[in-house]
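There are two complexes below, and they share chain A, which is joined by chain B in the first and by chain C in the second.
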Partner chain A sequence: MDAGLLEQMLIGALLALSVYLPLRCGQLSLATPGFFAIGGTVAALLSTRIPIFAGTGATSPLPALLLEMTLAGLLAGLLALAIGGTVLRLRGIYLAIATIALVEILRVITLNLSFTGGALGIFGIPQPFTTTAGYAGFTLVLLALVCWLCARLEQLRLGRAMAAIRDDELAAACVGIDTAQVKLQAFVLSALLAGLTGALAAHFLNSWNAKVGSFDASITTLAFVVFGGSRTWLGPVIGGLVLSALPELLRPVGDLRLIVFGLVILLGPVLFPQGLITPQGLQGLGHRLLGYGQQLRGYGHKLLVRVNGPRRP
Partner chain B sequence: MELIQLLLNGLSLGAVYALFALGYTLVFSVLGVINFSHGAVFTLGAYFTYLLIGGQAGANGLLAGLQLPVALPFALALPLAGLASALVALLIERVAFRPLRQRGSDSLLALISSLGAGVILVNLIQLLMGAESYAIPIGTLGSLPAALRFAGAQVRTVQVLLLAISVLLLLLLSVWLEGTRSGKALQAVSEDPVTAQLLGIDSDGMIRLAFGISGFLAGVSGGLVGLSVSIAGPYFGISYGLKALGVLVLGGLGSVPGAMLGGLIIGLAEAFVPAEWSGWKDAVAYGFLFLILVLRPQGLLGRPLGTKV
Partner chain C sequence: MSAAPLLEAVPLLQVEGLSCRFGGLLALNNVSLAVRQGEIFGLIGPNGAGKTTLFNVISALTPPSSGRVLWRGALIPASRPDQLSRLGLARTFQNLRLFDSLSVRDNVLVGLHRFAASPLAAGLLGSAGERRRQRQLEQRALELLALVALEDEADLPAASLPYGERRRLELARALATEPQLLLLDEPAAGMNPAEKNDLCGLIRTIRDRFDLTVMIIEHHVPLMMRLCDRLAVLNFGERIALGSPAAVRQDPRVIEAYLGSAR
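Presenting the complex of A and B:
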């Protein structure tokens, strides 16, 4: 497979996880592209303006990338912490609209400030990896790490508290969960993840402008999660991988590809209201695989009997 | 620019936002969902209007060079475009909303499926008509002059027309909602669809009606904006749609007078942004939106939000 496409898919999966975290506690936040854009801007500015980040020639040192990702994640997380207390008092569609507004405000700011390059953006961001495969490998490791953390999170007190808030916020508060705090933590984690992903994506894309964090991106990332399923971390990952690959895979259909993409987004919720991946589905799949395994063992046993003859007592 | 022109710009822009936001409001009040395909229906209305007045499709789409055999006057083309948009809105209701509603799914899902419908529409327009911009020529208005003298100042006729038609539609809608049986029935459905159904109101029918009217409003406002500003391409409805979300929340979700007030405030505020700051104009609506959400989440005229157990 084309490494560039793989990289896009992996970034899509990371962003989907960023949308998933607040959604796990029932909070529909569409702010992910805003934090993604901030992260990318941080990395683009650092690596084009400051010599130690820029490295020599066209390549930049890997530790610089890691530092940029940390800084980008921290900045996005801090912003989320600053506004989260206020924004997260809103519920449902109000929170969604407020976060759309946040993304749009950030976009207008980036568009109008001179040091972010205005409408053209920032060009010639140095490359820490010489090949696209290098990026894909690095991002694969990052995604695996984030998936592991998310899977752990679901087992931890915080993850369970998040699920409790999603199912019934009032009941969760009654059993002593500090709902405001848990929601804020999920929001900050989501921003952090989006921010560091942005820093990585800025290097990969080589240029960065205000268009990256737009309403379209908000909706696409949400579609990743809704399509994949928002009950467990695997859903958004699959949704992100599949839907980011789709426009590219549909290239043979030519002009129709965005229409087909729209059809997938339209029919996804209608056909799979829970998303593709659900815990029940996974359990069912597990049982079925186990069943196949036992069946196979049965076949193997019969085969052995046929070859060796019946076992004598 | 003269004050009166600025004021008129603000008012007509505000009226368009209000029409747009009312389309959202109608659907939101009966379903509790934001219909994200609304912006695409608005765009569609503008293209319908353009074609109905005898405009020719550009060179880049599949319909390259197509021209309808009849060129209707604008006064006829606009309502027809509105009706066609209403039909599309009904189709969207059928495909993207009804299957989910019948299953009692999470309203979040309708948000996504309606967006999918919007993506399809916008790209269908691009496929058929190309990505170029179109302008509805002022000559369509027949013998009306391009500019009027009003209180000692020059104002564009188009702006006056835009404002007049929008205000007329807003008034009609208010009268319908408050003064007629079907308007009251719609309000009952927005209060509680199940109870309304028990009381003999056809809830599904009212939901279809809400979609139809909202599509009509979107189509007409699209045509009007196409006339006053030009159609900047298949995506031009999206930014209006996003700002109308701001209008919606500023006024209060589900409140009809609120949508009008919100439209007025944001339209005027945008018109009075000085020219040297025009790059920041787009942030005005979202700034307002953010402020109101923080200070008064139910909006200016909305009802307070309670927590249901």
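Presenting the complex of A and C:
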């Protein structure tokens, strides 16, 4: 597979997880592309303006990338912390609208600031990896790590509290969960993940501009999660991987691909209302595999009997 | 010369002059009552009398129009349901509010939220101490499930349980928060007489074992007469009677408003 496409898919999966975190506690936040854009801008500025981040020659140092990702994540997380208390008081569709507005505000600000390069953006962002495969390898490790953390989170107090709030916010409050705080934590974690992913993406794309954080991106990243499912971390990962690849894979059919892409996004929720991946589905799959295993053992046993003859008591 | 009068113990919960208005409807009309430490306090009354509304006001889900609620003789220093839970108040709901997508065990683990606190990083990395704590919590959850005879259902989704078991799960979840006062809103609804009897026994057991005070709403009057230490009767938002089951049973206003119509 083309490493560039793989990298896009991996970044899609990371962004899908960023949308998933608030959605796990029932909060429909579409702010992910905004935090993604902030993260990328931070990385683009640092690595083009500040010599130690830029490195020498064609490649920038890897520790610089890690530091940029940390700073980008922290800045996005801090912004989420600052606005979350207010924004998260809104519910359902009102939260969605407010977070879309946030993404737009950030886009317009980036567009009009001189040091972010205006409409053209920032060019010539130095490369920490010499090959696309290098990016894909690094991002694969990052995605594996984030998946592991999300899987752990689901087993922990915070992850359980998030699911409880999604199921019944009032009942969750009545068993002592500070629902506002849990929602804020999920929002901040989501921003942090989007921010650090943005820093990585800025290097990969080589240039960065305001278009990255747009309304389109909000809808696309939401589609990842709607398509894959928001009940467990694996859903958004699969959704992000598949839907990020789809436009590229459909390139041979020309402009028709946009229609096919639209149809997939439309039909996904109709055919799989819970998303492609659900805990029950995974459990069913596990049972089925176990069943196949037992069947195989049965065949093996029959074969042995045929070879050795029936065992005498 | 008489002995110095014994100080009357401060009630666990006092409701003073509570009114609650929904538009033109006065759901609670100047209701006062006090619940003593350790008693099983019953709340009866016809449909729409305001019983659930009283629970909602006590648990900070509905703001009262006037009046106040005292906890151990002092104004409650909390205004949110989660703060009240930490203070020692737990409740169940008339229309069952479980976390349906979670397993039976996880429903109780959510109830143990307050006791599961640990730094997020330690939890994510799964340190040895953290794993031990996690096992203790799961152990505790299983004990609570055993108490309501649901330990074999621990891994099932809560949504898959039959009605009576869902009621018992909600009770286990409420107990997990280690309350001092437990509000039960029609916990026996939909149960057959044998199950109702078992539930009575269970409520007494948990009261004794966890040192609880219980406030219970239930329509089945004979059951309430047997179970409760004291009863209050609401009718059209007004408290029309308060006292021992024997006293309430003979109160003419109660007979007219409630028992009369039931006979």
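In the analysis below, the second predicted complex is superposed on the first by the 306 of 313 C-alpha atoms of A that agree within 3 Å, B and C clash if a C-alpha of one lies under 4 Å from a C-alpha of the other, contacts with A are read in each partner's own complex, and residues count from 1 in each chain.
In this text, a residue touches a chain if its C-beta (ideal position, glycine included) is under 8 Å from a C-beta of that chain, and two chains touch if they have at least 3 such contacts.
Fair warning: this is a prediction, and the values are worked out from it, not measured in the lab.
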| request: Report for A:Leu149: first if it touches chain B alone, second if chain C alone, otherwise both or neither. | output: second
| task | Give the label of whichever partner, chain B or chain C, reaches more residues of chain A. | result | B
| So, does A:Arg231 touch the first partner chain B, the second partner chain C, both, or neither? | second
| query | Thinking of the overlay built on chain A, is A:Leu263 touched by chain B (first), by chain C (second), by both, or by neither? | reply | first
| So, does A:Ala172 touch the first partner chain B, the second partner chain C, both, or neither? | second
| query | Which of the two partners, first being chain B and second being chain C, lies in contact with A:Leu66: first, second, both, or neither? | reply | neither
| query | Regarding the shared-chain residue A:Ala3, is it in contact with chain B (first), chain C (second), both, or neither? | reply | neither
| said: Going by the contact rule set out at the top, does A:Leu78 touch chain B (first), chain C (second), both, or neither? | reply: neither
| Common interface positions of chain A, toward chain B and toward chain C | 170
| Where on chain A is chain C touching in the complex? | 149, 152-153, 155-158, 160-161, 163-164, 166-168, 170-179, 185, 231, 280
| task | Please give the residue numbers of chain A that touch chain B in the complex, ascending. | result | 28, 86-87, 89-91, 93-94, 96-98, 100-102, 104-105, 108-109, 111-112, 170, 215, 219, 222-223, 226, 255-256, 258-259, 261-270, 273
| remark: As the complex stands, chain C meets chain A at residues 59, 61, 80-82, 85-86, 90-91, 93, 97-102, 106, 109-111, 113-114, 116-118, 120, 123-124, 126, 134, 157, 173-174, 176-177
| Which residues of chain B touch chain A in their complex? | 32-34, 36, 95-96, 99-100, 103, 105-113, 115-121, 123-124, 126-127, 238, 242, 245-246, 248-249, 253, 279-280, 282-283, 286-287, 289-290, 293-294, 297, 305, 307, 309
